[in-house]
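First chain written, first letter: the chains are A, B, C and D, and each begins at residue 1.
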Amino acid sequence: MAGNAIGQIFRVTTFGESHGLSLGCIVDGCPPGLDLSEADLQIDLNRRRPGRSKYTTQRHESDVVKLLSGVFEGKTTGTSIGLIVENTDQRSQDYLKIKDRFRPGHADYTYYQKYGIRDYRGGGRSSARETVMRVAAGGIAKKYLKQEIGIEVRACLSQMGDISVENFDWDQIEQNPFFCPDVTKLDALDALIRSLKRNGDSIGAKLTVVASNVPVGLGEPVFDRLDADIAYALMGINAVKGVELGDGFGVVNQYGSQHRDELTQQGFKSNHSGGILGGISSGQDIIAHLALKPTSSIKIPCDTINVDGETVKVVTQGRHDPCVGIRAVPIAEAMVAIVLMDHLLRHRAQNSGVSITPRRI
Amino acid sequence: MAGNAIGQIFRVTTFGESHGLSLGCIVDGCPPGLDLSEADLQIDLNRRRPGRSKYTTQRHESDVVKLLSGVFEGKTTGTSIGLIVENTDQRSQDYLKIKDRFRPGHADYTYYQKYGIRDYRGGGRSSARETVMRVAAGGIAKKYLKQEIGIEVRACLSQMGDISVENFDWDQIEQNPFFCPDVTKLDALDALIRSLKRNGDSIGAKLTVVASNVPVGLGEPVFDRLDADIAYALMGINAVKGVELGDGFGVVNQYGSQHRDELTQQGFKSNHSGGILGGISSGQDIIAHLALKPTSSIKIPCDTINVDGETVKVVTQGRHDPCVGIRAVPIAEAMVAIVLMDHLLRHRAQNSGVSITPRRI
Amino acid sequence: MAGNAIGQIFRVTTFGESHGLSLGCIVDGCPPGLDLSEADLQIDLNRRRPGRSKYTTQRHESDVVKLLSGVFEGKTTGTSIGLIVENTDQRSQDYLKIKDRFRPGHADYTYYQKYGIRDYRGGGRSSARETVMRVAAGGIAKKYLKQEIGIEVRACLSQMGDISVENFDWDQIEQNPFFCPDVTKLDALDALIRSLKRNGDSIGAKLTVVASNVPVGLGEPVFDRLDADIAYALMGINAVKGVELGDGFGVVNQYGSQHRDELTQQGFKSNHSGGILGGISSGQDIIAHLALKPTSSIKIPCDTINVDGETVKVVTQGRHDPCVGIRAVPIAEAMVAIVLMDHLLRHRAQNSGVSITPRRI
Amino acid sequence: MAGNAIGQIFRVTTFGESHGLSLGCIVDGCPPGLDLSEADLQIDLNRRRPGRSKYTTQRHESDVVKLLSGVFEGKTTGTSIGLIVENTDQRSQDYLKIKDRFRPGHADYTYYQKYGIRDYRGGGRSSARETVMRVAAGGIAKKYLKQEIGIEVRACLSQMGDISVENFDWDQIEQNPFFCPDVTKLDALDALIRSLKRNGDSIGAKLTVVASNVPVGLGEPVFDRLDADIAYALMGINAVKGVELGDGFGVVNQYGSQHRDELTQQGFKSNHSGGILGGISSGQDIIAHLALKPTSSIKIPCDTINVDGETVKVVTQGRHDPCVGIRAVPIAEAMVAIVLMDHLLRHRAQNSGVSITPRRI
């Protein structure tokens, strides 16, 4: 129950620390017969990779994934898939200064209190470096969902600081280093990041994830609802402090007569629900938003305590993202893809046996 | 994997439908030796009970819980606890009109598509009536947490429509039918509900849950983080569309230098994080917010489709809450208590064996 | 993790004690659309019922099961099924004498040491009375397997004391109170039980379970093998001390050239494996054997200790089976049916998505 | 739910095939603060290693394990532990001849039917080569159990063919290549293996596992009983067809007056139960036996079918063990250690919170 796994039927378990030898994961439950190669997974790993642009951390990791098992002659066999990514650009000496003091806003203090021991190098297991394996595993889910079902899971930056996306164009997202769908905001984003770097500060962000072409019927009725599992998966990304489905917190001052998405023979009239009703996908686009806090790894000194409980100053050295929200875009996609994949398989488990009225899955 | 359960070690599995004979649950994993009676659980069941005030649904259920197992001579035995609540005031005939048509904004359409069969009486399993068992099970968690650890989990209404709480006083919460901590807002809330009833409409709400006196160290590092599991548990409540920890979506335009909660020998200087760092409790108050949509069960007719896919009109009969957020207050407490209880036991499982430096748990 | 549940996708969680108000269970994961009534489940409950013949315990329980949820208009809905059976013939006063002393061979001592508290009335949760819910839940699995897939799960007595079955006739099993397939052994069994009753003693037994018409392909490759899960399920029945698949312990002095079941176009030449190869069903009959110890609830006094650790004498009062193996026949069927049902759904989850070469499931 | 994992709290998930690049596993849930090095794990890996003596397979694998995560400065951190072992001596060409035909007694046919695809090289995932990771993971459990609790888990050969151990001396076990505790049987075992090699045949075996110094109280009451989980773990070892606890199948013709282990102030008078009562450890030695079939990989040709369903002849090439029971000794220890470790942590989870009467754990 140490919790390093996600999913019930499509289950991903990860290991590895920021400055360890390597990171890895096991994907258990992938159906057999899926075409799968390392190149398939490298696409998203490259999108998430540190050092990819001047706007993200300058740690240089090639993040080359190796497929160690579960694939034979180019196809998945139905058995467990082992994946590994080696760490190559650790600079552990950067962290000697914080060996005995806890960086505020990080997991340093809570890990130490929980376990009585702490790998202080780059945050150890609490580092967002761990998400490299989520992206690798999510790549398998994304490929299966797209190829076998037609589901596409995409994410983008929708706000950074006060800069909100206004024009939404999916085609722009891969054209700029911010995963921003609004070309008119790129200059402002560039200016904001430059100013943050100058000041040694960081900023929060809001992302949007959209899963399209999801069949109706995914999700379980009570606890393991599709929205609950998406909330779990997104809130579990480092730095996330809020998750919304559909209109999210906007529903607080809506009336029932406004919010309910009426249905006609031609389909739903609106999508306030974000594609999920009663915890089960409605066949509309699934729309989720997430809020990421500004990283606490900044160059401005602050107060903290050390392992002896004394107040001391700390400054975070090392190479960090001024806005961790940017590189979280492929991570958010991976998490939603893993949840959808798991619920697709769960749905099949329970429902494919009895002959019932035709439905869309 | 049908998902009618929550928790790994402290595990709650529920059954029952809105208009079935009874609802029940099994609580597996409660430690032995806890004083427990039906009266302990009735407290929160009464707070959630329908028909308790003129502001909520007029369905009258006494919601008397029976303890069927797992307790011997007033103490838990460590074995599974069976709980049952009988339904007494079903009016299934109210639902005959929607037998073949799907109420928008409800789970009618998605259940039918998922399962090919639907208990249309009061929404069947998708009804919030199911939450009666969550409150009963959560009562066990709340009692254990408070008595054995000192943790207190409380929730309140923080916004309804445009009416936001400004003065926060926990002592007020049980003094008014809205669970509102701000006595100056009661008249406005009363007026809003009256107006909704007149118009046959409904409104959304925002709730706040605070868990105080939580020891540092609860939560697992990567996927099963404490914040992720809280998000899962709260998003899994009927009608919830958003969940925040600490500053939530407010972090999007915060700077790192603002957000990080500095530490000194005297403790944390602030609590932007909402009491969780790196997925693990920090020892500060855990603060979560949730947004509940306005119920779609309103008296204003609208378009929908029937089981043959034809566009038809529908009006929801039956007895409904104008603001489902009110009665969700004890439900939100129960869900957070279940999550904390589960993580407390998970923490014990992994950590109590090796003698490590003293810590607060 | 308190372990009162079996199955991953078809999951059965039970509650209840020997002398509590009632016993119950929740069956989560049953596919929708299955015809299901209380009468379906009563068949096996009656076969297991105490007081059914003079050869078993004289506790009289009608064991009437109530279906509380998950079925609508005679069909399962895909949501969780609540079942309950009330206790009616407890004689708790019989157990006052053992309140403070531990019956050897029972769970009295281990429960007390584990939990620090013990419901001494009839063994509390450790009583085989709990298996009434396994039989009820197993009845759902049996019905689904037979109706939807054609799988039949049957068990019988194959040995009691030194009396071994020699002539195997399934048709005899429901014709005698021993579930014995060999009509020539009935007199000997009758004489043995009479002699045991006279002496206040008890005897062990061996049962055989056969699942026929199982499709090839059920079972997972490594840990959750079909044979491993059957071993878990059968060893988990009260009093079971051994489990065999196919030739079982007979393989110890077999040669590889004898044991391997050769294959031809006409099928397997033999079934030493008991229908499972590499943890996966081969399409042959699945054959398992289990050994049940003689119950320790006998009228012959013996030594034990009391809660203060002092040596004392104990005699078991109450009404007991001279051979618990008899009534374990429907329990063994139920356990194997639950395992097969779970693996059928697990198989569907992982495999139905990709179009692969035709196969028998 | 693809089942490549064992354990609930101490959870081991494995990946890898006989002829893949490498095998690996993740151990999740190990408590923090345990001294752990690769050398600790190498001990049992060497005991299991192929090519270790002339009595086992001549495939030469050094089976060097690498610890990739979860250990910092020589101590476990409480986070997930990644382990890897590279394959170095695959001879995949040996298997080209069976590419399209199914070896009887192996998983070839069932895998192919289940998944529609099969890694035929050395049995792929169904190979006992996979158990290398069970031994590595079990090494962590064994170290923790011994160092922190004092529990020792040991296994030995107790029968091969008709040769049964008569004199039991643990000290002999590491002194001979058969893990045999009876020095008087070594010549007979040597002769038997030589004869098998001459004839190209194989033989079955019986092993005994003993866990000593186990505290009373481990195991859950109903389904996840300690005996049930041991049965699951041992039956899940390749080639195992039977599992016994204590007197096992010997109980069938025992009387209750013989079997029950009486208790006195000085302890139990006997141990027919094998150290488990009501599914919970009694504090006595836990004694389990397992039967392993003779491997079907022998040099004597036989009938089988090919992928087109036609009857064909097959002879197994490759390098095989004449008695797979020998090398299963450390595997059986590992499996029982993993189960005990998991139940130790499960026990702590549920029980350490309430102050109850002192007990031995």
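Basically, a residue touches a chain if its C-beta (ideal position, glycine included) is under 8 Å from a C-beta of that chain, and two chains touch if they have at least 3 such contacts.
Given the structure is predicted, the values throughout are model-derived calculations rather than measurements.
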Separation of subunit C from subunit A in steps, with touching chains one step apart: 1
Intersection of the contact lists for subunit B and subunit C: A, D
Inter-centroid spacing, subunit D versus subunit B (mean Cα positions, whole Å): 45
Centroid distance [mean C-alpha coordinates] between subunit D and subunit A, Å: 38
Geometric centre distance via CA averages, subunit D-subunit C, whole Å: 26
Subunit C: positions in contact with at least two other chains: 1-5, 8-9, 14, 29-30, 32-33, 78-80, 114-117, 125, 221-222, 346, 349-351, 354, 356
Touch list for subunit A against partner subunit B, complex: 1-6, 8-9, 14, 102, 104-107, 109-111, 113-117, 123, 125-126, 130, 159-162, 196, 201-206, 216-225, 227-236, 238, 240-265, 269, 272-274, 277-283, 291-298, 300, 302-305, 309-311, 346-347, 349-351, 354, 356-357, 359-360
Residue ranges of subunit A in contact with subunit C within the complex: 1, 8-9, 29-34, 78-80, 144, 148, 221-222, 344-346, 348-356
Residues of subunit B touching subunit C in the complex: 1-5, 8-9, 11, 13-17, 20-26, 28-30, 32-33, 66, 68-70, 72, 75, 77-82, 84, 114-119, 124-125, 349
